[in-house]
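What follows is a short report on a single structure.
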């Protein structure tokens, strides 16, 4: 027994020693920086191009490595707070706000002006999303303006013209009913749907409402048209069957590829339209030459679309923030944008690249000539970024809303109850956040005062000064409706 | 008797069906995955090779074995020492300490996770093997199991050994430990299996792919290439093999160990 | 002198303990106290981490007050308890399997050879058919082939083979199980629904052929069975009460448990008539029992917890059966309508359906648990039961059931006790891995358990203080349950 133990111990120690000696680290001489991002084949190409770009411009020799196994949000948080996160972190504007709160992001103000990747280099509608507490923290990699991508062949097959680019909710419903009727004619079970469900945010906004009030101090879903949006989606899903339910989706027999199963369904003819950004083209090209078109999300009076981005920020625990900044500079360069133009991975960060022939009418893909142009046009005209309140965590807002939405769709809550519950919970969260972060209180009080003034002006039908408004939606909405001070009716 | 046989065979079949489906699916070509027929038309043994090509499966395998072996060794060793102290040595306050110690067995591991993580940050052990091994290596359960076993060994042996001039250390190594073998085997199996499958702690702790253990590797495989069901199933099948080996080799001793140890507690 | 000896003894004892206890102090006790402190603090990742260092404040009971007001906490606690309803089923299953495995299989008699022969024929037939390319009936082939194979193996290897086969679900424990079952449950391409679809189609056409009033009749029949079960159990309770075999606590807790299904039926069943029958039976049962308990003469006055273990176990068994009856009643009531609506009966969407996600996970857990360590523990327990007890029972003329109830079951009481305690502790903290790998806690939070809640609150929202408070609430629950278990369970064990 004693011998056995000693032998085992010896084996284990020898094993450990060999594990220690064979550690794959410290192999290259040049500095290595890591980029935690999704598992997308396009990233490999982007890294290669980055290395080339460094050499061409005589920048320092850096090796950038991918870290695709930690892209999960909770893993990024756990690793971030313990000092072991990757140098460059993939973030959305809303998660960036949370990371800044935790102090995990390196402020880019200095580097951005020195190395020329400030917010003015990208789409105007996106700028606000890159800034938290008046400082820039991220720079976009792939900008997305999700819209309804139309497969014209599916409409042609049943003798209908493709939908208009801009349409109202009523038009959407009328066309959709006709579409579903014709497309499922003679089928035992409905397998064809008008469209993939669009996001709830643009629908709500098109009715002139937002998740939050003008100063982002209160969730206003309970007093907005949110319940109408939910009833509409419920009706479209379970009564008119324009949109597929969860069960319909689960029984659709597809292997989901990159970009999800919706694209496969769009290709197979099960969907007339898919709600997705320009990056859909990566997958769609694999299906062959589809005749594509793009429509806006139907509107209840105010046409709009949501602009978001996958962006890169620098980790405050990074050993080489100055080197990592070169990668952001690369993201702002024409070289990177051209890469995005060609591979179709959403919109390039640099808007100039979207006005080229290569972008608008790629010679290799004649079928796509109506596909690319609308995305940058939407981005410059009707796109509005997410409304992110500094007084509540964005992921809590999303989870709370999604919970109520799912409960409503499962028939557990009425739309009114769902709206009520969501608003109540989010407002509770705001109160709790204020209690936990007393430093926010002063700013919150200031905004609440502003909100009172705004409400007074609204009640009196007077225009509102732009500086009082923090919610990007209301800025755009009041501007369009002529309720902004100093801006005349267009 | 015949009925019994049939009943046993039917139950065994129901329990193993998912397993059979897994193995058969792992041998299908991609195009046949999800079809109603369970049998592949072509047997793709190369799927197994492919798993090693698409993910660093060998590394995951190695890491899991490495961590599980260390934890098992440490736990068995320290638990036997502690169990010896609790069962064969006489010292003031022994039983009270043991009760307190045992009480922690019912603590949800969850409670300890967050602070343990803070400790690992402070010790700079996040994303390292020692960080995985250490918190798992000391358990009250192991001590309890082996103590039960040692209690069943007659006290007269101790007296005889002491009369022969043996020290307590010699008594431990040459008398008590060899006699507790079934208990030790049981603990070995329990510890090995649960640590080979450990999920929660490695999920929180690990960052580098090169340090991933099998469960984390499988999860990563599922989330990144979950559509390749056939490869996923091949990977899962392979991850199970060490467990089968351990169980088949040691099952007699295992059951004897449980019978003699835990149950009479 | 004796002090010195004592001190030396202490030193020696602690020296052996040291390696274990040091690690224990560092990685168990210290984290424990630390997390207790965190539960009373405002520790939050947006306030305190490597890069941010605002002072941690003591917030007293704030976290706990928030916890009790948070309806999410109660909902997820409900989910956790719901999942734990699978525990009695899995324990019963383990016990049955252990009993089956514990039978003498009769060695290598001529009868065995027949089995081997039959199995071998089945296997070869299947192999031949496969070789000939009978792909269409492959599932049946696999079934028959497997069955044959198991028969051959079982006849040759006996218990060892069956034991290993029963244990197989445990080999795929953890993430492997969850990944496997996620694929099995896949609504369209998974084997479960592929097998269910033709079965349900058959049921649909069968149901449509039958007259529609049959469902109604069956429903009433099942309701009557459930009522009769309750009545029988009440009569039995009265008897043990009068005989002095059960105390007040035992009596009433058993009554509550057995009447639970009918109480649920009050809410679940659709018709007024059904509701009133269930209500009447309940009221009458309660009234009669109360009257009997008050007026009946008793032989002796035992402590209120006397006989808790066996009576409670029996009550739990009855509860399970009547729940099944009530559930079937609901099904038969709706079956005709469901079959008549478009498309007939469709297999459930399992993990993506709000109402099916929980049962789906429970079925999986049951599969993983029945043949595993619990069964081994029972087997080990059975091997320790002295043969004389059975012989004595035989002499008294006891049949197999009486032998089980009077010998095996009481002798296994300590094992059962151990298994129940461990399962409950496990169940209360369980569900994290399933939620993380299979459902992400969805749909609409249907599969979020407390442990997953702790994870999301701690590592997605960053509220470590609150997360610690949740885990301590969980600990309090485990503690209470264990105390109850020990109080009644140990009495039961010693009965």
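What to note about this one:
For reference, chains read A, B and C in written order, and residue numbers begin at 1 within each chain.
Going forward, a residue touches a chain if its C-beta (ideal position, glycine included) is under 8 Å from a C-beta of that chain, and two chains touch if they have at least 3 such contacts.
All figures in this text were calculated on a predicted structure; none of them were measured in a lab.
Viewed as a contact network, the protein chains are fully connected, with every chain touching every other. Most remote from chain C, judged by the distance between CA-atom centroids, is A.
Annotation: 42 Å between the Cα-based centres of chain A and chain B. Put simply, the C-alpha centre of chain B and that of chain C have 23 angstrom between them. Counting partners per residue, chain C has 50, 188-189, 459 as the residues that reach two or more other chains. Residue positions of chain A touching 2 or more other chains, listed in rising order: 78, 81-83, 253. In chain B, 34, 77, 121, 204 are the positions where the chain touches two or more neighbouring chains simultaneously. If you check the complex, the residues on chain C that touch chain A are 42, 44-47, 49-52, 66, 187-189, 342-343, 349, 352-355, 442-445, 455-456, 459-462. Listing the residues of chain B that touch chain A in their complex gives 34, 66, 69-70, 73, 77, 117, 120-121, 126-127, 129, 173-174, 177-178, 181, 204, 207, 209-210, 212, 220, 223-224, 227.
Across the interface of their complex, chain B is touched by residues 6, 9-10, 12-17, 19-21, 23-24, 26-32, 34-35, 38, 50, 97, 100-101, 103, 105-106, 111, 115, 130, 135-136, 138-139, 141-143, 146-147, 150-151, 154-155, 160, 162-176, 179-184, 186, 188-191, 194, 367, 370-371, 376-377, 379-381, 383-384, 414-415, 418, 421, 425, 428-429, 432-433, 436-437, 451, 454, 458-459, 464, 467-468, 471-472, 474-475, 478-479, 482 of chain C. The residues of chain B lying in touch with chain C in their complex are 1-2, 4-5, 7-13, 15-22, 24-25, 33-34, 36-39, 41, 77-79, 81-82, 84-86, 89-94, 101, 104, 106-116, 118-119, 121, 134-135, 137-138, 140, 143, 168, 172, 193, 197-200, 203-204, 214-216, 218-219, 222, 229, 232-233, 236, 239-240, 243-244, 247-248, 251, 254-256, 258-259, 262-265. Within the complex formed with chain B, the chain A residues making contact are 1-2, 5, 8-9, 12, 15-16, 19, 23-24, 39, 67-70, 72, 75, 78-79, 81-84, 253, 255-257.
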